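Across the two complexes that follow, chain A remains constant while its partner is chain B and subsequently chain C.
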Partner chain A sequence: MNTLKRILTLLLVLAMLTAALCGCKGGKSGKAEKNELTVGIAQDLDDSLDPHKMTAAGTREILFNVFEGLVKPDENGNLIPAVASAYTIADTGDTFTFTLRDGVKFHNGATVTVKDVVYSIERVAGKDSEKPLIAQFSAIESVEATDDKTVVIKTKEPYLEFLSYLTAAIIPDGSNPADGLVGTGPFRFVSRKAQENIVLERFADYWGTPAHLEKVTFKIIENANVLVTSLKSGAIDLCAHLTATQAKELGKDFTVAEGSMNLVQAMYLNNAYGPLTDARVRQALCWAVDRQSILALVNDGMGSVLGSSMYPAFGKYYNDLSGYYTQDTEKAKALLAEAGYENGFDLVITVPGNYQIHVDTAQVIAEQLKAIGVKCTIQTVEWSAWLENVYKNRDYQATVVGFDTSAAMTAQSLLARFQSESGKNVCNFQSAAYDAVYAKALAETTEAAQIEDYKECQRILAEEAAAVYVQDPCDLVGMRSDLTGYTFYPIYVMDLSRVYFTK
Partner chain B sequence: MKYILKKAVTMLITLLVISMLAFLAFEVLPGDPTTKMLGTEWTAERAEVLRHELGLDVPLPLRYLRWLGGFFGGDLGVSYSYSQPVRSLLAGKLGITAALSLIAFVLVIVISLPLALLMAREEGSLLDRILSGVTQVTMSIPPFFIGIIFTSVFGLALRLFVAGSFVSAEESFWGFLGYLFFPALSIALPKSAMTVKLLRSSILGELDEDYVRTAYSRGHSRKTALRYHVLRNSIIPVITFLAVTIADIVAGSIIVEQVFIVPGLGRLLLLSISNRDYPVVLSIIMIISALVIFVNFLADVAYQLVDPRIRLK
Partner chain C sequence: MTVKKSHNNFIIGCCITGVMLLLILLGAFWTPYDAEAMDTAAKMQAPSFTHILGTDNFGRDIFSRVLEGAGTTLFIAVNAVCAGLFFGILIGAFTGWYGGWIDEVLMRIADVITAFPSILLALVLISLLGSGKSNIILALSLLFIPSFARVVRSEYAKQKELDYVRNAKLMGVGTPRIMFVHILPNVWPVLLSSIAIGFNNAVLAEAAMSYVGIGVLLPDASLGRMLSESQAFFFSAPWYALSAGLTIVLLVLGVGLISDGLGEWDNA
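Entry: the complex of A and B
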């Protein structure tokens, strides 16, 4: 029995040691010297890492560092040549000619050739799978390498905005990202552990300015409070998309950079539901909310008020309708009475609970709508349930979420979902006038005319009150004070190639 | 030998039935993997293409047979949401859940053996009665509830750890073990209480045996008699109980991982269920059921080896 005693003692000591070491976390020391960065991200990337198949904004945000297209967006929203060194668009608006940049290397060491480009574009266009991986690529008529430096892409119809979609990743000829991610970006992919982390490493042979950091680890921390404590304890060095409350907790040892989230956050309305079928009722809701006070309550007044489905970073495409509706309770009541709802009605607002900002916004709206007799109930659901019931089955009354530009920064990506027949028309918005202007915009061959059409689209959305547009929320990035170089983009990406330690 | 063969066949059939039920359950459940995969890019058309790509448009029996063939050939399929082979996805997770279960198991032994001995020695005393009461209560608290109490008491109030600040073993081995300590303890407590109760009554049962009286007559005190003679005999039923407990612990870790945000098998299982990521869910179900069945089988065999009077047919 002595052996048993000895084993027990050993086990006890082990257990006590473990308990004593509990709470021991990764220290701060050495990270800056090693030039390694740990970034906290609030949700798991349960998504494909195939750059042509990924759907989550969170995945796109990270893989921006790994993959590049013929062109890529810069921080001002312009498209700059990347794998291509120059491009021309024919006056007809349907032929795009690219000149390949010399000496662009893949992460596997191979040099990018026109074959790789043709393969990548054809893969996205769905040459093997009959359907395009990115819907807009169905517009392609042909992809051709005219010599070993030039690729010509023709679209079936004039399609000016298609250039933006050519930010789609260039991958090696014949490769399948499922067997390993190989791109041309400033970082190369090292590993991914589900629900734990994603690791990237500096790519020394990058064609442009190489990244400063040697290694970046994205650590998945699904608890919002833990994100903040991890920043404070030094377990992570940088974290984006913080709320104003979280940012305030960080204190003076941290830098908080303010940018914009690049989302159209709105209370989207099911235009096919009961009272909401009447445009006057929807307009009444728009007149009833005070957007500025939503911003004040949700994010200390930071962010930009929106009046339609586009945000200011779109520059020339953006039609500033933020003053289209201002809070006017009397007008809202009058509109409701006109529509036969003088006593108001009940409204269920469904919100995905994993997005605090949408939950907060819904609460403020619910409070504000009381003034016109609309009694709101907030129903918080899981993201997957939201996707199933609200997005897919459109079985809801109102919902607060934000939509981003998805695959590329184009005006159409934010406006397409309001076409009557669109598969993504979550609002069930029906407007012949809108459909006509939208179709006209797509077919334009000059940018100026297209801009006018898109501005008109935005105006119709505001006038018809397809949704109660609220804001483009502010994006707060908290980081160690010795980090610098964080650059905001007008799309949902996180460029880490410019971030560096100052000491 | 014949017994083991027979048992092995039963095990296989049980596994088959489980896989069939799991497959059917997902067929009945509303929801579709393409919803999560396509997110806010979902359109009926794209979903159709994706379903075809994933082979979900194939009739159920054929789909099942394909999956079964792959599974027994060692191909667990590819996760829908992660589009990564399930095998590599699970490889990293098994270690975490195994470590958690192991720590929990060690804790069960460390807690229950001394406690049961103490209670048997002090049978009927105030201490025994208090401890009996405590074990009775602990036994009936589910691990996840203990977990919730732990996260608020040790986590939020005493700040001994922070739920969600999981450290992987590569980052810091001791940090990893440390983080798993409280989750393991919340699994171990109810199990220890059960073990204590069982071992205590088993010891007390043995105390009436003749050999104990002989031990006393040879000059042993109650303490030494307990330790050197009774424990050995009374531990046999407990060992089989502990074997089954291992399987219970692994299953229990699924919920506890959720409470403590441990990125192990259980957390992946729950996420995959909500994503309708069938290949991952089925593989995890199969691994856990195989473990439970196998451990039960081992317990049966051990029983027979220990006590030749038991003949299992």
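Entry: the complex of A and C
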């Protein structure tokens, strides 16, 4: 009786195992024929799907496929006309004239008219709400359609960089994205299931080169390890933002494309929390960290070390401060002692657990800070909890994440959040000097002077140690070896319109 | 025949548990490497003489981490079981001895608690309390109280009718003394196997919670967390997952065998 039972159990286990293994293989078949792609993403898009209201980089990178502005960024960081076919900027620097492209269609089939453009710009500028939905749009003086092909936007002051913000999505006149997402991008939004997936479909009437893929499903997998195993098993076909260790695990059946994540990854410090209110303590943390070895441990040395809130892809705006702090434990200890913390202090680092790269970085930093007596515990939280507690309520001590350029590729998109009064000042950074230089930069009339001011802003951030800046992580995208065409941008987006199956 | 077999289980169980305890004790005072020290030059190394269980993705020595992680797990399990046992005995003793409506109410509450899958309840408690060692202990011990209380209660209900208790009563021995000095020692044999099962559940629950990331906080080592971190490298660094997994298996197996042995001993 007993033996029989055992044999039966064994058989059952074997049957289950084979079933499980067959399941692994089964996932792969047929997708290439159907031209459908499943992409694994680490977080749900629970900030907002409204293209004018979204805040999370992870949301932006997906909706990039659905919405377009008058202009859109290309892979070299330039702005190319999108819904507009051409634009001119008056010499005074405060008037932008756009000519609409012929025959651009919305996903609902309607053709884009100047009315839609004016409505969209006014919506972002806050015509219906109290505040502009994107802060920079408060600069707008007027939006006017001069004829049925031309829209003129005037700003209150000369504001050359404003063009970058006109990547803001164009939506149909009178529509509210809460009632359905309608844009002009290469993909059409189909559905979203909270905590499960987001489905996009190819938009056949796209004005530009249409997408290759018929359908893209973004599958939400809020566990970094499961993401990798899902990729390996064929449950997902493509996954971006892998760490080097994860990418290595994929083996020869996968292509790994290497680019840059275009994030300023840092241990952001709550400048209003206890010991961290003292700039010397924050500087001590900067001196205690060895950024090179973080890169080596987390990403096999790939990525670029950062010293302030800007990354190299910004070219002329980038002030290379990566050598501003080098690891110097003695100096760090001296600074701590000066500030009255000779025995160190306890620090809780809150990290969104769905991003392996941030969790790994936090672990290395925690280990390095031990040398100066700062005892760290790492609290991994879910993405939604992070958004709520850290980002919105600023109820945290330190956090490791990456900030992207938000709406546009301008220097200010990475620097604005450090103004004392900014609504996005997650660090609670307070510096009169910084506010002054930043305000000066905005008011400059020549580009050269503006660049100098922005560089000075970066220097102040480094000097006053608003955060422990770490790196612009290398972006490793793992995908099935029969996929190709993945294009990297100098901003945090995932352009799937060019991805296709080779077979 | 049966007697011999029961000894075997018990002896093997004791050996495994003994070795594990010795290693964990050793780990509390000395590990071959600092369990948290990272080494860029030694990432993902296979087991060798320098690192007998290899290294992880940060170049940390896995053997040292296993020792420390097992220590953490053991600490949590022992504390959770002790706390659960303490309150379980108190509640079980009173309800079993006095009976009545308090008994009814408390036992129905216990029913409610046991009706939920324990891991689910633990998750709820942890999300209310926040993660961390002490909160896991608190959550687990709360979950263990009903099972201990139930065992103790039924024993007390049985024992209180026996002659030695009646004699003690007639001789004027105080109730607390009868409950905890006279009866309790007689409850122990039955309790022992519950304790062993409880301990194993605690080890597994801690591992499960750390595995899903709501247990022990980083950078503390924990077997469950190691298991979850290692699964991403399962094929390139199998030693990582195996070290953590086998340690859990051995811990649970050892105590499980002891409890089996004890059970068969009683039956023999």
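Observations
Here, the second predicted complex is superposed on the first by the 400 of 503 C-alpha atoms of A that agree within 3 Å, B and C clash if a C-alpha of one lies under 4 Å from a C-alpha of the other, contacts with A are read in each partner's own complex, and residues count from 1 in each chain.
The rule is simple: a residue touches a chain if its C-beta (ideal position, glycine included) is under 8 Å from a C-beta of that chain, and two chains touch if they have at least 3 such contacts.
From a predicted model like this one, the values you see are computed outputs, not experimental measurements.
In the superposition on chain A, A:S384 makes contact with chain B only, while chain C stays out of contact range. Judged by the touch definition given at the top, the superposed model places A:K503 against neither chain B nor chain C.
When the two structures are aligned on the shared chain, A:L49 is found in touch with chain B, with no touch to chain C. In the superposed model, more residues of chain A are touched by B than by the other of chain B and chain C.
In the superposition on chain A, contact is made by A:T229 with both chain B and chain C. Residue overlap on chain A between its contacts with chain B in one complex and with chain C in the other: 223, 225, 229.
Within the complex formed with chain B, the residues of chain A that make contact are 1, 4, 8, 11-12, 14-15, 17-19, 21-26, 44, 46-50, 53, 55-56, 129-131, 135, 178, 192-197, 220-223, 225-226, 229-230, 233, 235, 382, 384, 387-388, 391-392, 403, 406, 422-424. Of all the residues in chain B, the ones that touch chain A in their complex are 30-32, 35-46, 49, 53, 78, 81-84, 89, 92-93, 103, 106-107, 109-110, 113-114, 159-168, 171-172, 174-175, 177-182, 227-228, 231-232, 261, 263, 267-268, 271, 274-277.
Interface residues of chain C facing chain A in the complex, by the touch rule stated above, are 36-38, 40, 43-44, 57-59, 131-132, 213, 217-220, 228-229, 231-236. Partner chain C is touched in their complex by these residues of chain A: 223-225, 228-229, 245-246, 248-249, 251, 293, 296-297, 353, 356, 359-360, 362-364, 366-367, 370, 376-380.
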